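Structures for review follow.
The following pair of complexes shares a single chain, chain A, combined with chain B in the former and chain C in the latter.
Up next is the complex of A and B:
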């Protein structure tokens, strides 16, 4: 037992990145994995797994702990003669939770398949007892722990988002959703990557190096997966009424590149996009220019009731808006958009009230009622409606009672009289925030650039250039040097042709 | 021998048109007097002018058109004007006009002796007209056979003139246009173009007026000829621009009209009209500095303004920011302008613009104005009549609301203190907001594009997938077999 424990503890968490060096550490981990995966020792390992799990520290000996856990789960399932996932009330659950919330991300980079297996098992078992909420925070922490930037989409992301939607734990999903997904597990078939084995445990390696399509952190993705991810993300933001973010996510969905077919998810996304754009901006907005025209045509033909609704909204015509809503009730119901549509109608009232602030600096509630067409009939109702808007901060205004109580309440819109200090503070905070996302974006762009430079296509292109310059009698070495920068290359090609 | 087949065709065509004279004449005049058709204006107030002296200023066919318009629109002058119109029509050869005038009079005052059509005159005139048309066409054919250019030109001119007189305007302009090939001197061309222009003005074909004025301008002729034509040209151009709604251009054209116009263009408009049209258009489209510089200090236009001193006074009141007297003058002359054949359709637009401009000008120096003092200037009648002149429902406040909502006024209404507060712009905040907005939209756009690049790089574009993926819902993990490698490059 002891002789088994010593190799299991051979790799522990590095406290400093230099001790041992990346290369040595890499070698140690790879040896351990070979040891753990050795089929000859499988029975031995599973024999000690129960005992060893109590002894090992998941944050230090994460790899061993992960393998032992899986062995343990396998044997439990084997004993119980059913392949049902384990019970979250059982003894294993706390161990799994402990592991997933404290594992060492550098070690786990080597065991993507096993890690994913464990996460999926966790999800399935939580679902099996209809308590998806149990798994949500655990998995969120696990994802963020493995990859704090969370810039690469994996199948776990998608599972997680669906789990959040199912358990209605929307705000749990925010830490993940707020990270900007920029990458997808790239294919390792690229020639360059075959030759260049990066050291997975390096602290500065970007997540794109260890989350690849062969690392096992993700199943093979299809377009449906990422569309679903962004679509579900948008739904979560909608549930939280964060319309701006929802709009961005839907934008991603409807702007996805297509070859010839248009996905149903994209069409549904477009429908929701129209409604959300009304809620976010208060008017129909033009769609992103990236969307190609034939996709736009498909959208428009399939989302007719939505466009007419948006049109009525944009023309500030409440009567028509209501008619449109009534006319297409079955459509909303079929698309599961009834709730959103009703919110659009409410938003129309809100917009009209907000617009009054542009025309008036103060007016009586009776005048508000005159400008608000529709269902708010009595003055009292209007007043409480306005008061609710003021209270939730949408309307920057105050309600005053006049000195003589005979008159009704006054609504006074506060102008730009905010305290300068508060405002500056607010702006500064926002600038910092934007700065951060801009920086993240810049990094993503650099990564993409690098990936494209090292892609097969680029190499093929460079090869072609090389041939051209050979034909024209110039030295090949020259062309090789040019690979450094694209601009020089372009110039030289032109020079050769002339 | 070439012209002959064309000639026979032409004569057929014209005779065909001759049969349709009444209908064509009608539609064209309706076109001209469009205002009397679509928004049928009824003017109840007595105008300031005296009908006889007013109409004495004009010559030619416009006399009837103006009389008829006054007769149908003014309740005060209708009988008098229509009677004058009937006399006018009877003195000409245009039967359809006579019939229309009689019909209109019969509607207003059926007891008048003039209200019953003079059948005998109508029949006689029809015959005369027919004979005249045949004669002129026959003559023209003769000229064409002789191939004498000058004769053909004159024949066409006579024919055109005849058609114009009998009210067949499209045939008239066709006949005039045919003169083109036979004109030998620039003077001929100029006179032909002027004839076409005056027909086009009567037809209400403003595009053709503009294009022909352009041709006149490009015509190379002597200096003194040009100088003689200029006033009429710019007046006609101004008129067409007025009708197409470009008031700034119209104001410029009228302002450029030389005072030597005098009464040379009386078959269309008088110098008084130039002053009124030009003054109103300028008032509606120019700011105070421009008005002072280009209208009041304009020596040549002063000659026109002297004919209509109230316009001059209105403009100078506007320039001195005395809006009440300015608007009062305009209001008192509204009835006159509504009875003008060219101005009728544009009076309300022009007045609204002038009013809006005055309100804008009035607000410039204030940061807050009481609605009371504003309504004293811009709607004095309401102040006298209503208990709450500046209630939120009063028309004046409603007008202000409309102006604010369409962005003309940068101000807000305070209905508690009853003041109009002009908006203070905080440039710093605006710039900050705009910057942050553009920053975040940039980040979003960049994210979209990076994602797009990566999606394409990973081969994940939306495409028709092979059947094996349809076995189960995607993304649920390892239960499903992985798709065969090679699906993506």
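Up next is the complex of A and C:
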């Protein structure tokens, strides 16, 4: 047993990234993987897995620990003749949780298939006992541990978001959902990748270098997976009533490029997008210009009751709105949108009150009541409704009780000092958000640019450019630099005619 | 780091030792998977855990998350446990901004002894939050209405009870005895500061200053 422990502990977490050097560490890890994957040693490793798991530290000897865990799960399955991987109340579960929340990400970059296998088994185990929540914080920590930027979309992201929806643990999803997804796992078919093997354990290596289509961290993603991630993300934001973010995620779904048929997820996304736009902006918003006209036609024909409802809302016609809601009850129910539709009806009064601010600078609550159709019967109810809007900051106004009790409370819109303060606050918040997004996107663009410069397509393009420049007597060019600097390729194509 | 096992004593210790509501929420969130695995027979422990966790949501203004959390409680426990039933009633009142009901639920419903600290903390927190909101929402307010918002005696306030009026004036409000109206003083909410953006803005301003002259 002890003699097997020695190779298993040959690689441990580096305390300083320079000791050993990246090259040496890379070699050590690759040697350990060869040892761990050696079919001749599988039975030996499996035999000591239980003992070794107690001896090894998952945060330091992560790679060995991962393989041992998988051996242990396999042998448990074999012994119990049970395909279900492990019971969350059993002895293995705490070890798996400890590993997934504390592993060394640099070592695990070399074992994508095994890491994903363990994550998927964890999810299945939690689902098998109808307690999906058990896996939620563990998977979230594992994703962020592997790639703190969480910028590459993987199949684990999609599994995780669905798990959050299923377990109604919406806020647990936010640390992942709020990261900017900038890449899909990169294709490894490029020629330069055959000649240039990056050192995966390098501290500064971006996540696209180790989350690739062959690394095993993700199954092959389809168009449907991509749409599902953002659709489910929007659902989570809707549950938390973060309408702006839900709208953003739905925008990504409905504006996704299509070649022929529009997918069902996109149509469902469009239906929700109409309702959420009413809740987020208080009015129907024009569709995005990047959506092609034929897609828009499909959307509009399939979401007719929704567009009619939005029209009634936009025209401030409560009676028509109610009629439309009643008329299409079965549609809302079938689309699972009943809750959203009722929230839209509730939002109608809020919207009407906010609109009053565009016409009046001040008015009595009794006058507000006259403009508010619907269920608020007494003046007292109207006042408490208006006060709640002012107090939660939705309505930019102040209330004023008067000396005489018979006089109605006054509502004064746009307290300038207050609104300036709120605006500044709002702008500062948005600047912060944009700053973070730009920082993440800037880094992603640099990474993508580097990949594009070395891609097969770019080399073909450069070859063509060289031919053209030879013909026209011009010197060699760097196509990307030229195009960035405003170089007009059409003119260059015509160069040999001059 | 491994958490100490979940027990009533540990929950009380977490509740009393947490330095902020966020810390309380974070610690309790880490226990949720443990709570998930606890046998339904230990209903007293589960009830206490979910009740304190519920209050930690309210104390950190996560009302929608609080609602989602109540949906994660095992259904049998949620329907039968009086403490969790009280939590649901409270959630409804907070959601609907029924101020008098909120204070009534917090002060008059029977809460288990280990939960008292959380209930009292939320009473105080809700009162302070509402004071801030009323200060920003009203230019002038009748004492009875103000007292209703803050869970004080509206009748005594309407009659100009000096002790109650003094509570308002202590918050910077002024009392117009002749008109019998209180004039709240707006309480600005300081925006969160981001060190990096502050540094970047300082650098930009320094550059502007350098090239201006």
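Keep this in mind: the second predicted complex is superposed on the first by the 427 of 498 C-alpha atoms of A that agree within 3 Å, B and C clash if a C-alpha of one lies under 4 Å from a C-alpha of the other, contacts with A are read in each partner's own complex, and residues count from 1 in each chain.
The working rule: a residue touches a chain if its C-beta (ideal position, glycine included) is under 8 Å from a C-beta of that chain, and two chains touch if they have at least 3 such contacts.
The shown structure was predicted, so the numbers you read here are calculated from the model rather than taken from an experiment.
In the superposition on chain A, A:431 contacts both chain B and chain C. In the superposition on chain A, A:59 contacts neither chain B nor chain C. Of the two partner chains placed around the shared chain by superposition, chain C is the only one that A:239 touches, whereas chain B remains out of contact. Applying the stated contact rule after C-alpha superposition, one finds that A:9 touches neither chain B nor chain C. Of the two partner chains placed around the shared chain by superposition, chain B is the only one that A:120 touches, whereas chain C remains out of contact. Of the two partner chains placed by the overlay, only chain B lies in contact with A:358; chain C stays clear of it.
Of the two partner chains placed by the overlay, chain B and chain C both lie in contact with A:412. Applying the stated contact rule after C-alpha superposition, one finds that A:170 touches chain C and leaves chain B untouched. Applying the stated contact rule after C-alpha superposition, one finds that A:307 touches neither chain B nor chain C. Residue overlap on chain A between its contacts with chain B in one complex and with chain C in the other: 400, 402, 412, 431.
Residues of chain C that touch chain A in their complex: 29-30, 32-33, 36-37, 62, 64-65, 68, 71-72, 97, 130, 133-134, 136-142, 145, 179-181, 186, 188-189, 191, 194, 196-197, 200.
Contact residues on chain B toward chain A in their complex (touch as defined above): 392-393, 401, 404-405, 412-417, 421, 423-424, 426, 429, 432, 436, 439-440, 442-444, 446-465, 469, 474-478, 480, 482-483, 487-489. Interface of chain A with chain C (complex): residues 88-89, 97, 131, 133-134, 137-138, 167-171, 239-241, 384, 387-388, 390-392, 398-403, 405, 412, 418, 421, 424-425, 428-429, 431-432, 435. Considering their complex, residues 116-117, 120, 123, 155, 158-159, 162, 180-187, 189, 219-229, 248, 251-252, 255-263, 266, 288, 290, 357-364, 367, 370, 400, 402, 410, 412-413, 415-416, 423, 427, 430-431, 434, 437-438, 441, 444-445, 448, 451-452, 455 of chain A touch chain B.
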